[in-house]
Amino acid sequence: MSRKIYPDAASALAGITFDGMTVMSGGFGLSGIPENLIVALRDSGAKNLTVIGNNVGCDHHGMWLVLANNQIKKVLASYVGENKILESRYMSGEIEIEFNPQGTLAERIRAGGAGIPAFYTRTGYGTRVAEGKETRQFPNPDGTLDWYVMETGLVADISLVKAWKADTEGNLVYRKTARNFNPMIATAGRITIAEVEEIVQPGELDPNQIHTPGIFVQRLIKGPSYVKHIERLTTRPRPAAQENN
Amino acid sequence: MSRKIYPDAASALAGITFDGMTVMSGGFGLSGIPENLIVALRDSGAKNLTVIGNNVGCDHHGMWLVLANNQIKKVLASYVGENKILESRYMSGEIEIEFNPQGTLAERIRAGGAGIPAFYTRTGYGTRVAEGKETRQFPNPDGTLDWYVMETGLVADISLVKAWKADTEGNLVYRKTARNFNPMIATAGRITIAEVEEIVQPGELDPNQIHTPGIFVQRLIKGPSYVKHIERLTTRPRPAAQENN
Amino acid sequence: MAWNRDQMAARAAKELRDGYYVNLGIGIPTLVANMIPEGMTVTLQSENGMLGMGPFPFEGEEDADLINAGKQTITELPQTSYFSSADSFGMIRGGHIQLSILGGMQVDEKGDLANWMVPGKMIKGMGGAMDLVAGVPRVVVVMDHREKGGDSKFLKECTLPLTGKGVVDLLITDLAVFEIDRRGGGVKLTELADGVTLDELRACTEASFTVAL
Amino acid sequence: MAWNRDQMAARAAKELRDGYYVNLGIGIPTLVANMIPEGMTVTLQSENGMLGMGPFPFEGEEDADLINAGKQTITELPQTSYFSSADSFGMIRGGHIQLSILGGMQVDEKGDLANWMVPGKMIKGMGGAMDLVAGVPRVVVVMDHREKGGDSKFLKECTLPLTGKGVVDLLITDLAVFEIDRRGGGVKLTELADGVTLDELRACTEASFTVAL
């Protein structure tokens, strides 16, 4: 089904972006972000976007590019530090941010992709996150009761994800902690577009070890290059005596 | 952390079984069932068990052994065909069966393991499955409303799972469709015991490709042998001309 | 004067579209797997945790760890992926499977389906049927038009316990094909089996329908 | 007359038990990773999707695809596993992590914690903090006892927006250690930092507590 493969990010987004749409984007900080698709989203010029993801890029990187191009109206995220434009536009009221606890955000996206309109979680009970939401008690195994908040599933018009490898059927494999939000986001898009570092033939990925089955991927590109910017390079000195590690 | 490894199924269950406990067991039909642990559960003699799993074995195999030994009081399952003792005890009222749609059962177990006390699903709305349960409407993306049923999370005192390989830390990898209910059941046990065909050293399994992280596995055994009974052997004739496949 | 099992399956196969992900039930729907038109790519899902289901294995090559939802031994294809039951039904419930073709005991004119239990008989359980009809956006039911005694199985209202309410889009029987509006907009007869007349069909059909042949 | 950061971390490290799976927050809690007693096996979780977090990489060996929840480059260990954020927080919410050690802005005598926002200042977001305190069965907070101006941060009732209600089991400050009953049973002072007197502690603590030194 090589019809899923597009020559580049711009063509993969062509004809499906529109003003006011909801876009989900994978990644944690700048790790595992669909960096080429985000540039194409910026170049598409689609406006008044609702953007759902754990973060919204950081200065000069990732979804920051779309933000700086004045395309975003609303953000659902768990953490938006290291992003000065977003800070200033939020404080000035130009952009709305709905803060979600990270696990609640991940679960809401999974729920959206899995046909679950709502679920209950203990996370956020008694905090601002629960304001305006339904709360109720459920029993613990020992019979005591705890309070829970109802959270709803999330879906998107377009989901953008970054994987390590794909086969031509759209089966995806992620690498290390670059997996993060990508698998759930892949399930929650009406149209999901994946960008990968390498596209292989069917049968070259172990069928036992597919992280995202191809059913969730409608369009696929091989990214021409990956910057993979590191936000906080942290190392330890190599012991002087050590020659081979 | 080789302290997770027990010499055999009997010692892995020693001291933790009790009358009236809830046991979850992985498998779909007889594929991917913890066959050695089930024998040890029978030999433990624990009675009045609530057993949760997709099926309850079939004649002379799997959880049927525990059933035939009069240890089961209640069953939560999606399908109990091919099991004559269960049929007769259910019809006579000796055993209670709560039928769950297969996907609802899988999701209830996942929810229990993931700290979600309840969720909504469209499955079963308007059927006997929804009787006595809360129902409510949620909006679709297009603004129309659909009806949903509230289902609750499930947990177990002991979860029994079967994997293909483990490392000594309890990281598990499943094989083909023998995966089925095992990964969720591993997360939903207060104590989870895994049996595997092979135990390897940490680092021998690809960390990118662990199906069940070791955090969910408290006890681990290498099964001495696997029968892997096939319920419906279905083959096609090999074309006469074909010598190499 | 009626379609046989293969003809019913062939009619159901016309509902396939290139690129579709499809779940096939047990019985006649299983036959559809052999009727995928040449050149069309259709990926079969098995709800126990597999996408890209291949044919039955050659004798001696069966693998107990590789079965379908009917517990039959099967094979994998190059594009196959395996996943857990929770992920499998997330796929189904989330509407990602385009088409489900399954058998039925009764269907009614509101699109209700009964196919999992008969009161007083042993209940084996619904398996994944309730999830499939609730989650898959297009559901095709293939069943005999009449009970063995001759009574209509396409009813004004199902009398057996339901599998799903307002879930059937297309009903293929041995006598005819009906389009059903899940939202209560009624039933249209769109095809008659070879040699079946409209009068014959009306005589053995309890459900109301308009004719759109 | 008070513990320094390393001493506070060392005290928090005493809460570790052999075989524990632990999540460490940013700041002083991170230091605990270097204080795991010899011979004790503790597995560190990073909520962005990793169990078995190793030390920082040697210079030149960093991998942009391998970071912790603080977005720092890290390394893997032989027992490491990676998973999605949904699976990671399923692990956290489901109570599978035995211990979470994290920083705080305010704690009160009912075990409420505030550590994510100050009204009027830029809100960066709560990240995974609300999930951790709601899901992990034992939560240890490590923080300075007083604001820079000298006001108590251990209060009768938090004044900042909460991260969680009734979620703190143990509070370690630079002056003392308090056991808190999440279910409203009150606070016990169990340790004083070296050279700190009970009178000094009372003078700078708003929360009520009983003394169980």
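Just so it is clear, A, B, C and D label the chains in written order, and each chain counts residues from 1 on its own.
In this section, contacts are C-beta pairs under 8 Å (C-beta built on N, C-alpha and C of every residue); 3 or more make two chains touch, one makes a residue touch a chain.
Bear in mind the structure is a predicted one, so any value in this text is a computation, not a measurement.
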{"item": "Chain pair with more C-beta contacts, B-D versus B-C", "value": "B-C"}
{"item": "From subunit B, the most remote chain by mean C-alpha position", "value": "D"}
{"item": "Separation of mean Cα positions, subunit C and subunit B [Å, integer]", "value": "27"}
{"item": "Centroid spacing, where centroids are CA-atom means, of subunit A and subunit C in whole angstrom", "value": "35"}
{"item": "Whole-Å gap between the CA centroids of subunit C and subunit D", "value": "54"}
{"item": "Multi-partner residues of subunit C (each touching 2 or more other chains)", "value": "76, 82-83, 89-90, 92-93, 135"}
{"item": "Subunit B: positions in contact with at least two other chains", "value": "107, 110, 114-116, 121-122, 174-176, 207-208"}
{"item": "Every chain pair in contact, whichever chains are involved", "value": "A-B, A-C, A-D, B-C, B-D"}
{"item": "List of subunit D residues in touch with subunit B within their complex", "value": "19, 21, 41, 43, 45, 51-52, 76-83, 89-97, 135"}
{"item": "Complex contact set, residues of subunit A against subunit B", "value": "107, 111, 114-122, 138, 141, 146, 148, 152, 155, 173-176, 190, 206-209"}
{"item": "Contacting residues of subunit D [partner subunit A, same complex]", "value": "46-50, 55-74, 76, 82-86, 88-90, 92-93, 112, 122-131, 134-135, 161-166"}
{"item": "Interface residues, subunit A side, partner subunit D - complex", "value": "28-32, 54, 77-81, 87, 90-91, 97, 99, 101-104, 106-107, 109-110, 121-129, 164, 174-184, 211, 228-238, 245"}
{"item": "Partner subunit C, residues of subunit A touching it in the complex", "value": "1, 3, 110, 112-116, 167, 169, 171, 187, 201-203, 207-208, 210, 213-216"}
